[in-house]
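What follows is chain A paired twice: with chain B in the first complex and chain C in the second.
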Partner chain A sequence: MLNRLNQERIVLLISVILFIGFSVGLDGFLSGGNILSLVQNVSILGILGTGMAIGVIGRGIDLSMVSTMVISVAWMLVMVNDGTNLWVAFGLALGFAVVIGLINGVLIAYVEIPAIFATLAMGVAIYGFGKSFLVGTDVVYLPQGESWFYQIGSGRFLGIPNPVIAFALVALIVHVFLQFSKYGRYNYAIGDNLWTARITGIPVRPVMMLQYVLIAVIALLAGVVIATSVSSMNTRLALSTQVYDVILVVVLGGIGLSGGKGGVRNVIVGTLLIGILLNGMTILNLSYTAQNIFKSIILLAAIVIDTMLNPRDEQTAQHGDI
Partner chain B sequence: MSALIEMKNVTKEYRGVPAITDVDFELEEGKVHALLGENGAGKSTLTKMMCGVTQRTRGEMLMNGQPVDFQTPAEALDNGVAMVFQETSLVPSMTVAQNLYLGDEKLFNRIRSLNISAQTFLQSLNFNVNPTTMVGALGAAHKQMVEIARAVRKNVQVIIFDEPTAALTPEEKHHFFSLVERLKERGVSIIFISHALEEALQIADLITVLRDGALIETGPVETFDRERIVRAMVGRTLESSSHGAHRNSNRVGQAKVLSLQNVSMGTIVKNTSFSIYAGQVTGMFGLIGSGRTETAKIIAGVVKRNFLNGGEIRLHDRSVRYRVPREAVRDGIVYVTEDRKAEGFFETMSISENLNMGRLAAGLSQGVVVTRSEMKALADEWTSSLNIRAIDTDARVIELSGGNQQKVVIAKSLVQKPEIVIFDEPTRGVDVGAIAEIHELINRLADEGMAVVVISSYLPEIFSISDRILVCRAGRVVEEFDPLDADEERVMFAAVH
Partner chain C sequence: MAASETWAKWRYRLVPDHALGEILSKNWIDTLIPAFILVLVLIFFGTQMPNFLSAANLNDIGRIYGEYLFIAIGMTIVMMAGGIDLSVGSIFALCNFVSLALINYLELPLILGIPAVIAVGGAVGLINGILIGYLGLRAFLTTLVMLIIVRASVDMLLLDYAMIIGRGFNASLAWEFMALGNIFGIPSSLVAVVVVAVAAHLVLTRFRFGWHLMAVGGSRRSAYNAGIRVKRTVCATYVISGMLCGLASTFYAARLSSASAGVGLGLEVTILTAVVLGGISLGGGRGSIVKAALGTVIIILVQNSLIRMGLMSGASSLVLGSVLLLAVAIDVRWMKNRSKILARSYVSPTYFKLPPLPETAIGSDSPYALNDKLRGVEAIGLGELDGPEDMIFDREDNMYCGSRHGDVIRIFAPDYTRIEVFAHIGGHPLGMAFDARDNLHVCVGGMGLFMIAPDQTVTKLSDETNRSWLSIADDSRLRLADDLDIAPDGRVFFSEATVRYEMYDWMVDALEARGNGRIICYDPKDGSSRTVLPNLQLPNGICVEFEGQSLLYAETWGCRITRYWFDGPRKGQRDVVIANLPGYPDNINRASDGTYWCALCGMRSPVFDLAQRMPGFRRRMVQSVSRDDWLYPNMNTGCVIKFDKDGNVLDVLWDLGGEAHPMITSIREHKGYLYLGGIYNNRIGRYPIPDADPNWTSHDSYWGELT
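Moving on to the complex of A and B:
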C-alpha cells in the first residue's frame, strides 16, 4: 500500500488535506466565489506549466518562457493599438513566438548548448530586444472595442471562468500530444535516454526543435489569457520570478527533472496544490516572503517523501547482475 | 584454514521479494573463491552485503570470528573488504594518480610527488598505465587496472571482483590472472564473480554455485568440471550449442549487400575494406581498440566517417553516407549496441513501449495514434518469439535480468524489419541459458536471409556462430578466415601481429 504512493499521489493528498484544513479553518475559503477565483488564478500557472512539462519530459527546460510570453503579447497589443487588425497582429505574434522557439531549438539541438544556459540567455535577449524595438512602455493596455477578445480572460462559459477552460483545453491537447502522438512518444524516449533514442532511429534534433516551438506557442497563449483577464500586459513580469513558480508546479507534480517521467496529470496536481496554498495564504494575509518560504518547504517535503518511499533502487542503481 | 569471512543464513529481500535466501558462505584466508551463477542468481547481492553496499535482511556475518555489520562501503574498506565493480567507480576527469589517492589526499598535495608515488606503485604491480593520463581517456581494461590498483593500495584483506574479465582482451586477462596470483601470495583473499566458467576453473581454489538466490553447490575446484558447473547453474544440462561447439558446414553468402572501400575515421578506423553478404553470419574478431565497434557504428550512421578521404560505403549499388542512425534504420541497417545500459534501451519504459519506439522510429506504424492493444500485440509476439521472461509486457526493462534486457534490445531492432543487423558483443553480461538462445536467434536470422554481423572478443563465440571470420587490427580488417579451416591460434595471431 505504502509503496503505491508516488509523488503525484502524495501531492494530491497534501492538496486534499490543505483544502479540508482551509475549508474548516478559514472563513470564506469555501465560498463559491473564492473557489472559482482560486482555480482561475492558477490557470495561467497551469498553462505555462503544461508547456514547461513538454520540455522537462524531454530532458530540457525553457527559462525564456515568461519573456516570450510577455514580449510577444505586448507587441501584439502595441500593434492592435496602432490600428493593426487583431488577427494579423495575433498571426505576427505567433510567428514571433515560433521564431523564438526555433532559435532556442537550434541552440539546444544543433549547437548543443545545455538547455538551461541557452534559454537563460535567450530570455534576457528576448526581453532586451522586445523592449528596445517592439514595445516602448512598461505596461501595454488592451485596446477598446474588441469585446469578444476580452472574454478570453475575463468571461465565463456555463459559469466556469474562461481561463479555466483555456487551461483545460491546453492540458487536453498537450495530453493527447504527449501520450498518443508519435512525436509525443519520441519526446519521452529522448528524455529517457538520448543515445538510445538516436540509435533507435528517432529524429532527436527535430523533436527537440518541436519541443521549444510548442513551449513558445503555449507561452503566447498563456500571455493572451493574462492580458485579457487584467486588460493589460506588464512587461516587467519578465523580470519576476514567475518562471520559477512554473518549474515549481512541474516538479512538485512529480515530473522528474531527469526526464522521461510524468505527464499533464502531474502538472494539474502540482497546480492544484500551489493554487490552494497561495489562495489560503492570501486569505490568511501572509506576506509575500512568508508565502515563498511555505512554497519552498512544500516542494522540498514532496521531494524528500518521494525519495523515501521510492528509493533509487539498490539493485538497479548498480549496473549489471544482481 | 580459518574462515576469514563467514556468512550464516543470510537472506536479502528487496521490497519483500527475496533475492537470496538462507545462504551460508565461507571465504578462507588466502584463497580465490569463484562465485558462479546465472544472472539474477544472487551473486552480486551476496557480495554487496559483504562490502556494505547493501544490508542484509536476516542472518549473520562474521569476520575473523567476530560478528560485523558494515553499513557503508567505506566502513567495509576500513575493515579490509573492498569490491571492484563491473562499472568502474573512477572519476573520469581526474588523472590516474589522483584517482588512486582519491579520498586519502593529504591536506596539501604536490602533484609531482603524487605522480611519482603512483608510478612506483603501479610499476610494483606491473601495470602499464601512465599516472598522468585522464581516466576518461583510458580504455575499459586500463580503467579496471586502476580500479584494482586502488583496492590493492588500501592493503585490504579481501577483494571482491564483479565480472573482472568481461571487458578485457585475452592478453589483458592473462595479466589479470597473474595479478590475482600475486595478490594471493600476499595473503589477500579473493572472491571472483564471473560468467566465464573456464576462467573460474583456471584460477579459483574453491567454487560456489548459486541459483535463484540459493546455494546449490560449493567445494574445491578439483571436484568441478565444466558440465557439473553448468548443470548446477541452470538446473539442467545444456546442449553444447552455446560456446565452443563447431559446426560442420558454412552458409554460403548470397547477394552482396554492403561493401566498404577504404573507409577511414580519424585515427581509429584506417582504410578498411570488406563486404557483407545476405543469408550469412559474418563474425568480426579483434582486440579492444582494433576499431571493430567504430567500423560498425560508421555503417549504422552512429558516427560519421571522414568527410575527405573517408572512403565509400555502398549499400547494394548505391553509395551511402549517413549523418544520423535514423537514415540507416530507414535503409534497413540496425546496430545492436555493446553497452545496452548507456544506449540500448529506455529504462523508464515497459517492454512493449520499447518495442513500439523501434517500430515508430522505423516508420512502420500506420496511423497517427498507437493503441495500447496494438502495442500489447507487438510485445506479445516478440516476447514469445525471443522467449523474453518477464512478469508481463508492462514490466519495466530496468527490472529484467541482463539476458532479458539484451533480448529486448535485440527485439527493438528486429521490429524495424532490417536487412542488415550488426550485433556488437551480443552476449556480454548475459547468462548461459540466454547465450544459447541468442546464438540460436542469430542463426535463425541468417537462415531467413538476413545479413548478420557479429562482433565479439570471445573466440569460441566467433567460431561457433560465424560463417566467415573477419579479423580487425589497428583500425582495419586485416584477414579473413573460414571457421572450418582456421583454428583459434591463427585467428588470434592475425589479431595481435
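Moving on to the complex of A and C:
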C-alpha cells in the first residue's frame, strides 16, 4: 500500500484532508460564494500551470509567462479602448504572444541560453517593452461589450463558472497534445534526455520552439480569463511573484523539474491543493506577506521532496544546469 | 622569382600573423569584451551628457559602485563554483534593516554592529548553502524562493518597525565617514571594496580554497573524484555572498538611512547582469574579480546615466533585460565556439622556399638513389615495443629505448629478447644520451629533460628555459623536448621541436614553415637552462662532433643540417653542412669511421614544397577543409644517410616498400650493427654494416674506453 504512494497521491490526500479540515474549522469556507471564488482563482492558476507543465516536462521553464500574459492582454485592452475591433485586437495580441514565444524559443533552443535564465531576462525586457511602448497606465480597464468574449471570466454555462470550463478545455487540449500527438511525445523524450532525443533524430530545436510558443499562447488565454473576470488588467502583476505560484503548482503536483515526467493530471492536483490553501489563509485573515512566506516555505519543501524523489542524474545533467 | 611571390615572402616575413592566435589563446582574452563595451559606454555617455565626467558625478557613482561591487564579488564567487545567488537583493534589504536597527536605533558601536550585520547576511547565506550544497537543491529555484521569503519577512518587519527605525540616528564620526568620507578624494565604500576585491582575487587565484572553488565550478564530478569537499565548498560560497551583502548594506544604511520597502528591489537582476556582462560564465569555472568589477562599472554607468537622462522605469528595465540577454548570448556562444575560432586562427602559415628537390630515382647517379639495403633487416622486440623514437646502449651492451606509454625500456644483451621497464616517467621518451658517469639523459615529449641514474632513480633536470621578451605566448615551459647530446664538459644541448604545438600536433607545425623551435643548453654546474638558438624549423637531431667543440643539428622542416660552434675559436658561429636534403632529417648520430648517420623520417614531395611557397593556400586549407584532409608532408617513407663533416653524402639505406621501417626517426651504430628506431614503429631494426669496426661503441667514442 505504502509503495503505491507517489507525490501525486500524497498531494491529493493532503488536499482532501485540508478541504475537510477547512470545511469543519472555518466559518464560511463551504459557502457557495467562497467555493465559487476559490474555483475561479484556482482556474487561472491552473491554466498557467498547464502551460508551464509543457515547458517543465521538456526540461525547460518559462519565468516570462506572467509578463507575457500581462503585457499582451493589457495591450489588447488598450487597443479595444481606442476603438479597435475586439477580434482584430485579440489577433494582434495573439501575434505578440507568439512572437515572444518564438524569441524565447530561439534564445533557448538555438542560442542555447539556459531556459531559466533566458526567460528571466525576457520577463524583465517584455515588461519594460510593454510599459515603454504599448501600455501607458498601470491598470487598463475592460470596456463594456455584448460579445460572449466578455463573459469568459465571469459568466456561467450550465451552472458551471466559465473560468472552470476554460481551465477544463485548456487542460483537455494540452492533455491530448502531450499524450497523443507526435510533438507531445517528442517533448517527453527531450525532457528525459535531450542528447538521446537529438541522436534519435527528433527535431529537438523546433520542438523546443513549439514549447515556448504554446506557453505564451496559454499565458494569453489565462490573461483573457483574468481580464474578463475582474474587468481590468493590472500591469504591476508582472512584478509580483505570481510566476512562482505557477511553478509551485507544477512542482507540487509532482512534475519533476528534471523533466520527462508527469502530465496534466499532476497540474490539476497541485492546483487544488494551492487553491484550498490560499483560500483558507485568506479566510484566516493572514496578511499578503505572511501568505507569501507560507507559500514559499511550501514551495521550498516541495523542491526538497522533489530533489529527494527525483535526484539529479549526474550523468545526464548538463554542465551549467543551474 | 615572380612579383607575387616576392610580395608573399615579405608580407609573411614582416606581419606576425601568429600573434593573433596566441593572443586569442590567452586566458585574459575574455576580459577584452567587457573592456571594449566599457569604452563604448564611456564614449557614448561622455559625449551625450555634459557633466558625465565631472568629479562630483564620479564621486557619487563611485560611492554606489563600491556598494554594488561587494555584492558582485559575492555573486562572482558563487557563480564560479557553479551556482547562482538570486537572494542577494533580499539579503541586502534585510541587512539594511538590521544595520538601521542596531546602529541607528540601538546605537551599537560600529565594532559590534557591523560584524552583527555581516553575521545576519552570512546566516541567510548559510541556509542557502545548506539547501544547495548539502541537500543538492537547484541553486536558481532555491535562491529565488529565498528571495521571496526574505523579502516578505523584511516587508513584515518594516510594517511594524519602519516608523521607529526611521527615527534613529547615530552621531558617531566613523558612521558618518562610512556615509560621506573620502580618502584622498576616493569614497570610503570604494576604498573598502578595493581591499575586499584584492583579497578575493588573491584567494581565488593563489589560495587552496579558491582553487577548490574553481575546480568545483569547472567540473563538479572531477572535483569530487579528486577528493575536494564539494558540498562544503559550495555551501561556503553562499555564506560568503551573504556576508558581502551584509557588508554592502552597512555602507548603504550609513549613507541613506532609508527603511523603505524599495531597498534592494530588483538588485539581483542588476548584479547578475553586471557579472555576466563582465564575463563570469553561467555554470561556473570561469571568471575573475577583475571581470566582475568591469561588468559592474558598465552597468552602474548605464543605469545611472539612464536615470539622469530621465528615462522611465519601463525603459530602464527594457534596457536591463536586453543587455542581460545580449551578455548571456555572447557568453554562451563564445564559450561554445572559442575553441573553433582558436583552431581556425591559430595555424598561421608563412612563406618558405626550398631549393629544387634532389633526384632519388633508381639508377641515377644521385647519392640518394633508391636501393633495397634495409629489406629483411632483423627485428628486435617485434610487437612488444611501441614507439621507440631513439635507442642507446650502455657499457654492458644493453639497449634502452622509449615507449609511447611513458616508459624507458631496457632490452638485455646479448640476444635482445628479454625486456623490462627500466623507468617510468610518464611522457613519451624521445632522444637519449649517456653522460660520463653512465647516467641516461632523456628528452621527454611534453615534460622536459630528465636523467635516469644507473640505479633507476629519475631526476628532472629541466622543464623551463628563459622566457623571450617579445613572445606573446609564454614560451618558458618546454612543450616538446626532442633530441639531445652532451658536450665533453657535461653541458646538455637539447632541441625543442616547436613552442607552438603540443606533441600530438607536431606535424601541424609543418604547415606553418616558421622557425618555431629552438635549441636549449642545460648546464649541470648551476642547473640553469638557456635558449642558445631560437627560431629553428623543427630542430630535431643533435650530435656533438668528434672534436667536441661543435654540434650538428637537423631542422626537420628546413631539410638541412647545420653546424653550431659552442666552444673553441669559432664559438657562436654557424655554417650549413647539408642545405638541401631530399627528405626531412631526424636524429643524427656518430658513425664508427668518423662520419655521421642521419635518419630521414619522411620524404619531400613537389606538391608540399610548392605549398610551402603559398602560405595563403595553406591558410585557406586550414580554415575550410577538415583536419583529416589537410595536406601534410609525406611521413610514410624514409631512409638513412651517412655523411661526412663537409656534407658529402657517402651512403644511403632504403627500405623499398616500407613494410618494416616506413618512418625512421633514429639510428644508432653499435659494434658493427646499425639499429633503427621509429616513433610510430613496433620494433627496432638491426642492420649489419659492411666493413664497420666491430668493436666501436658510441659510449667509448664520447667518454673513452674503460681502463
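Note that in this section the second predicted complex is superposed on the first by the 292 of 322 C-alpha atoms of A that agree within 3 Å, B and C clash if a C-alpha of one lies under 4 Å from a C-alpha of the other, contacts with A are read in each partner's own complex, and residues count from 1 in each chain.
Keep this in mind: contacts are C-beta pairs under 8 Å (C-beta built on N, C-alpha and C of every residue); 3 or more make two chains touch, one makes a residue touch a chain.
For clarity, every value in this text was computed on a predicted model and none was experimentally measured.
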Touched partner set for A:Lys261, first chain B, second chain C, both or neither: first
First (chain B), second (chain C), both or neither touched by A:Asp82: neither
First (chain B), second (chain C), both or neither touched by A:Asn193: first
Partner chain(s) touched by A:Ile293 [first = chain B, second = chain C, both, neither]: second
First (chain B), second (chain C), both or neither touched by A:Pro203: first
Of chain C and chain B, partner touching more chain A residues: C
On chain A, the residue positions that both chain B and chain C contact, one per complex: 314, 319-322
Complex contact set, residues of chain B against chain A: 14-15, 19, 39-45, 48, 53-54, 85-87, 162-163, 193, 300, 302, 324-326, 328-330, 334-335, 337, 341-349, 353, 356-358, 360-362, 365, 368-370, 398-399, 401-402, 412-413, 416, 429
Parts of chain A lying in touch with chain B, wherever the complex brings them together: 3, 180-182, 185-186, 188-189, 192-193, 195-205, 260-261, 313-316, 318-322
Chain C contact footprint on chain A (complex, rising order): 107, 111-114, 116-118, 120-132, 241, 244, 247, 257, 287, 289-290, 292-293, 296-297, 299-300, 303-304, 307, 311-312, 314, 319-322
Complex interface listing, chain C residues touching chain A: 82-84, 131, 135-142, 144-146, 148-149, 151-153, 155-156, 159, 219-221, 269, 281-284, 312-322, 324-325, 328-329, 332-333, 336
